[in-house]
Every structure is written in C-alpha cells, then in structure tokens.
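The chains carry the letters A, B and C, assigned in the order they are written, with residues numbered from 1 in each.
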Amino acid sequence: MTLTAQVKKRLVTIALVAPASLWLFVFLVLPFIAIIVFAFGERGPVGGYQPAFTFEQFANLGARAAAFVNTLVLAPIGAAACLLVAYPVAYYLAIKASPQRRLLLVSLVVVPFWTSLLVRTYAWMYILGARGIPHLLEYIGFDNVRLLNTPGAVLLGIVYGYLPLMIMPIYVSLEKLDRRLLEASADLGAHPISTFFGVTLPLSLPGVMTGIALVTILLLGEYLIPQLLGGGKVFFIGNALVDLFLQSRNWPFGSAIAVTLVAVVVVVLLVAMRIAWRIAGTRQVDLV
Amino acid sequence: MRALVTFVYVFLYTPIALVVLFSFNAGRNASEFIGFSAQWYGKALSNTFLMEALRNSLIVAFTSAALAAIFGTMAAIGMERLGARTRAVFDGLFAAAIVVPGVVIGIATLVALVEVFGFINPVLAAIWPGDQPPRLSLGYGSIIAAHGLFTMALVTMIVKARIAGLGRDIVEASSDLYAAPLTTFRQIVLPQIMPSILAGFLLAFTFSFDDFIIAFFVAGSNTTLPIYVFASIRRGVTPEINAIATMVLAVSLALILIARFLMREKKKPTT
Amino acid sequence: MPTNYTISTYHKLGLIDELDLSKVPNFSQKTENPRFTKEGRIDGKTYAVPKNWGTTGFATNTSKLKAKLTSWKDFFEIVQTEADGRGMVHDYQLTTIGSALVSLGYGFNSIKPEELAKAEELLIKVKPHLFAINSDYQPAMRATDAWLTMCWTNDGAQLNRDMPEISYTLGKDGGEIWTDYYAIPKDAPNKAAGYALLNYLMDPNNAVKEHLANGAPTTDSRVIALLPKEITSNKIVYPDEASLTPLEFGAAVTLTDPGRAELMARFKSA
C-alpha cells in the first residue's frame, strides 16, 4: 500500500466520523461545559445567570433535598414495581405462550409506545380523577375518595409508562433460555418452584438487570408523570429543574442540580454494571 | 398466571381505549361521555394551531431521524477504522448522549445556545451589510439538533452492533476480489446493515415525535405536537386531542403492519 | 401583554418602547379609569395601554364545602380542614405568597425576610393538605377534583357561568388587584402592524368582544356602556367598590425579588 493510499484512507475515516463528532462536540460536550460553568455562577438580578466563581450553588443543594429524596426513593420503587408486574408477563410470553400467539402478544406490548405517553398519562388523570374510579366508588358507598395527585398515582403512572421497557429485556433473556434445562430439572425430580429459583430466575438475571437499570435511569430524569399525576406536589428532580429554568429562573442553581443529577445517573449506572459483571462472573464459576 | 397476564394487558390498553372512545364524544368536554360523534376529527383537522403543531412535529422528527440515520451510520462505519483509544472516546461520548436524562440535555442545550446566540447575533449585526441582519434564535433548528444528538447515538449503537455481527471475512473476501472499496460497501455491506439502519431511523423518528421534555426547553416560539398537547391538558382537554392521538395511533399501526408485510415478503425466498 | 408590575421592569431592561399614541387614535385617556392606567406611564411617558383589569380571589364549590369563606385567613384554614386534599394554590409566587402574607395580616407585596419566613412556614404546613399547586385550576374545579382554589376574575366568571355552585370571593383581609396592558416590544419586527392591531383592539366595539370572550372587566367607560346588563351587574366581574379597597396592586420589586422566587421554589419542592 502506498503512502497516498494510506492518507486517503485516513481522510475517508475522518470524513465518516466528522458529522457525528461535530454533533457530539457542539450539542453534548459544549453544553455540558456550559452548565458546569453556570453551576459556579450567580443568579442575575432578574433571573438568569451572571458570571462568578462560587460554590454557593452546590452548598445550597440541600434546598432541593426533598426532590432528590422523592426521585431516589420513587425511581427504584417504581422500577421494582415494574419488575414485579413485568416478570410474570415476560415469563408467560417466553415460556408458556404458544409460538403463534407469541408474536401477537409481544407486538401488543410494544404498540402502546406508538401513542403519545402524554395522552395516555392524561387518560390516567381522567381514570383517577373525580369522574373516574372515585365516581364508581360512590355507588358502593365510598364518597369523595381522592386518588389523583398522590404518590400512589405517580407510582401507577410510572409502572404504566415503563412496563414495556421492563418486559422486553426480560422476555429476550428468557426466550434465549435453553428449554432443555427446564426439562432436565423436571426430569431430575425438581419441584417447579425450585426449578424456577434454581434455573430460570438466575438465567434471566441479565435481562432483569438491564430492565431495572434502563427504567431507573429514565426515571431519574422524569418530569411528566409527577407533573400530571402528582399535581406539582410529588416533586422529582426533573420538576425542580423545569421550575428553576423556566419559572424561578435561577439558572446557576438549576445547573448545579443538573450536574448533580448526571453524577447520580453515572453512579447508578456504575453500580448496575458492577452487579451485572458479578452475575456474569458467578455464572461462569458455576459452569466450571 | 393467565389471569394476571390478561389483567396486565387490560391495564395497558384501558387508557388507550378511553382515548379512542372519547375521540368520538359528542360533548365538548373530554371527561364526560355524552354520545357518539365524529365532529372532533373535523375540528382537529381544521384547527390551524393543532395542524401546525403536527406539521412541526413531523418535520422535526423526519429531519432529525434522517440526519441521525445518515450521520450515525457513517460514524458506525468510520469507528471501525479508528484506533482503539479514539474509538473508546467515541464509545464513551455516544453512551453519554444516550444515558444523560432528556431534561438535562434540554437544559444544557438551552444554556449553550442562548450563550452562543448572544455572542454571534451582535457580531452578525455588526458585519451584516443590509438593514435587517439575520438573528439566530431557538426554533426548529435547535429541536432537530438536540433530538439528533440522542438519536444519532442510538443509530450508531444499533448499526455498530450489526457490523460487529457481520464478520470481517465477508468484507475482506469482497476486497480480495479487487472490488473498489465503495463498490464493496454498496454491494456487500450496505444490504447487510440496511435493516439496522431502518430500525434506527424508525426508533429515532418515534423518539423525536413523542419527545416533550427536550423540545419544551429548546423549542423557542415553535410548538410541537407534545407541547401543544401538554398546554391543552393544563387548560382542559377537548376531544380534539383524543382525535389527533387516535389518528396518529391508526397511522402508526398501519405502518407497523405494512413494515411487517414487506419484511415477510422479502424473507420468503431465503427461508 | 405585560401585567402592571412588569412594565417598569421591562422599561428598565429596555425591552419596550414609549408608545406613539398618535398611532392609536382609538385609545382615549379620558374614558380610562385612572386607577388602572397609572402603571403604563413612567416619567410622564406612556409605555403601555390597559387591556383589562381584575382581581385575585378564590373560587369555592359550595355544593362540596359547607363553610362560608370570606377571607384569606379562612382560605388557608379550610384548605387544611374541611377541604383537606381539595384545595389549590397558584404555581405563581406573586399570588400564592402574597395571599399567604395577607392571611397572616401582612402586606401582599412584602419582601421583609421575617414576614416571608412566616408565610413560608404557613405554606409548607398547608402543602400536604393541598390537591395541587397549579395555575390552571379550571379543569380540576370543573371535574370536582378540587373544591377550593385561588382564582382570577375571568376564570371565576367562567366557572360560575358554567357551574353556578362555584362561587368567587374576594378576601376581606386583602389580596391582589391587577391590570393587564398592551405594549410593543422594542425589537418587534413589524411595529406598524403592532400599532394597527393595538388601535383595532382599543376600538370599544372590538374591546367589548374581547371582554365577552375573556370575561375580565374593562378599564374603559366607553366599553362598559356597550356591555349587556347581566355583565355589568355581575358582582364577580364588577365587584362593589368597598370590596376592592383592601386589595393591592402587585409591585415590580415583589415579582423580581429573588427571596420570593426562591421561597416559592422551596415550597414547591418541599
């Protein structure tokens, strides 16, 4: 290969990655630098940002402790609730359902994604609102039950919105599972329950981990569900950020919270990856 | 177990059924069903604000998904040819683009663009020969750019996974036959990765079409469909919103079915 | 469309221009109620002309709530007791903090840290009992999810028109009175069109239509003359002069005060 051919090859490579690099730089790296700079600044006299170098914003994070607590409590609980509902469905789809019906049933899990989450969440506002379930409850003697704008409503919205995202990875890992293992376990006289805990569950753990990590991370930045089903009372970090940037216009403090949120996401991700590795590691040991 | 699974499907579809049902409501209110009528479909289609929001959403979703599909595929191919260390940097940045919450992407893009525009606009005004210098502001461009970041990362990941599964021997076998690289690419590689590019495009389109939170920050004075719907929910929804949601659902279901059908046709000869 | 308290801020920031009233011949200073035009003028120059005025009181669903509320003190009391889980406050610091201050006997516009601290204490105590913190309260009131809410005149009139059981009350201990204005932004691309629209809207025959659609009262006596009797005699839209006396206009400093902005944000995230 001549030198010019090598140069040419390198130029082609650069041309191939150039647009994406530009995007990553201008719309990821640069904005991220901007919010880090802002996080050390001060609120302007009528809101917005004015340059400064202060740790005041980070020192003040405690003022949004409730939002962090709400998010860090409800995100894992939401993910766990999703898992409890999703696992039996994924199990049914992968193991029990007949192959002909499986395709239809799996598609039906995905279809809700094609209507706006906003509109579907709005439908829950109606179902939980005074003219929905509480109205039906009046017929059996429970007057003025309030469901909307409670943490329970937010949790329900979370399970509803993220269920498909939890079902799919678990389904995929269960579907790959070698059915002969289940048969072997049964042949060896194992009780179905011990087969489940001894064989099925451990083998589906990677899917479970993917689902939990995916749902938890998305929930950490959630805004719409707490806003619509929590009535601005069940406040997530996402709600605090919208408030700080679009209403109370304290951009530096908002930036500090955004930077902290990203740090939380990274920590959650690292923990999830470490657990995933450990699961993969023990399985290898088992096989040896 | 069957009962539980049935219950979950009922749970998933009850709100959708309600949305569709109320789109045929004769009443003005989206929360009290009075009788059947298709009037809201007509009203939705002749509501200029709603139609403009829908058009904006389609333009934004199509443009950002197309950019993501093209640039994302290019990046996936280009990264194969990079050194390990540079590739790791790209992998990290793409992963970050996917993992960072939408609300942070929205905020960070807003902050950065406001700063950049604040710097560029006076410069433009100073050097512009005419009376009315162009002013950069938030709008279509910023939504497309911010959506493009996430979706480009998505396409790159999907296409890269496909290329990794391809096997180098196919590509090398072809270049051994003295085919010029571009021909190799067009005849061998592209057909193999096309399904993943299409899948990436569709995912990107869906994401962008449904996104509220990023657009909420960077849309400027433009309104996308989710922003319009959000504002309507706050003011009190009329069944117009249900009608438009039902139409979007119907169109996407039709597209899924067509895609299924086309893929089956294509697969037949090989299986 | 700035409200009274934002005009001086917009002026200070150089966002709006002085209006050339010769281009708005339909505007008549004489027939305007001076109470509502004051804030449009800064140093003798007119920067904004009034659109309409109104009050901030509260709306009560009387078929759900038996208590008779007459003051903001009652409001914050009932929200925690009979209307537990059914009351709404605005997602807006001016009115939410302002009304809390009034209920404690302080001024609507106070920015004194010790008074704000008391208001914050009250709001945080009330928060668990609220239905929502949201300035778009009409859907919740109509669905009877909420029974009691802070409310602006025009919303109060609309709610009462459609659901007579919803009443609108002004706090006898105080509250807000406001005027919304029209102004033209300094960098408006087409000022001629802006003036044309403004002049159109200032024509009493057009203003009366706007009034009927929106529901908020007018500042212009020429428009009042054109209104049907059921509107001018509607006590929600045109309350007795006596009930307006305790009300205060929101001040510019109240709106821009960082302490109040941060208090509201703390209240929301508590």
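The definition used in the following text is that a contact is a pair of C-beta atoms (placed from the backbone, for glycine too) under 8 Å apart; a residue touches a chain by one contact, two chains touch by 3 or more.
A quick note: this is a predicted structure, and the numbers were derived from the prediction, not measured.
Which category does the touching pattern between chains fall into here: line, ring, star, complete, or other?
Shape of the chain contacts: complete, all pairs touching.
Busiest chain-chain interface by contact pairs, anyone?
Ranked by C-beta contact count, first place goes to A-B.
Averaging only over C-alpha atoms, locate the centres of chain A and chain C and give their separation in whole Å.
40
How far is the middle of chain A from the middle of chain B, if each middle is the mean of its Cα atoms, in Å?
Each chain reduced to its C-alpha mean, chain A and chain B end up 18 Å apart.
Send over the residues of chain B in touch with two or more other chains.
Within chain B, residues 31, 233, 237 contact more than one other chain.
Please list all residues of chain C that touch 2 or more other chains.
Counting only residues that touch two or more other chains, chain C contributes 134, 143.
In chain A, what residues contact two or more other chains?
129, 131 - these are the residues of chain A that touch more than one other chain.
Under the stated contact criterion, what part of chain A meets chain C in this complex?
Going by the criterion above, the answer is residues 43, 45-47, 63-64, 66-67, 129-131, 144, 146, 148-149, 231-233, 235, 239-240, 243-244, 247-250.
How about chain C: which of its residues touch chain B in the complex?
134, 136, 138-139, 142-143
Which residues, counting only chain B, touch chain C once they are in their complex?
These residues of chain B touch chain C: 29, 31, 233-237.
Taking the touch rule as given, give the residues of chain B at its contact with chain A in the complex, in rising order.
1-2, 4-5, 8-9, 11-16, 18-19, 22, 30-32, 70-72, 74-75, 77-79, 81-82, 90, 93-94, 96-97, 99-105, 107-112, 115, 145-146, 148-149, 152, 156, 206, 210, 212-213, 216-217, 225-226, 229-230, 233, 237, 241-242, 245, 248-249, 252-253, 256
For the complex, give me every residue of chain A touching chain B.
Where chain A meets chain B, its residues are 9, 12-17, 19-21, 23-24, 26-32, 34-35, 38, 49, 85, 88-89, 91-92, 96, 105, 107-109, 111-120, 122-127, 129, 131, 160, 163-164, 217-218, 220-221, 223-224, 228, 237-238, 241-242, 245-246, 251, 254-255, 258, 261-262, 265-266, 269.
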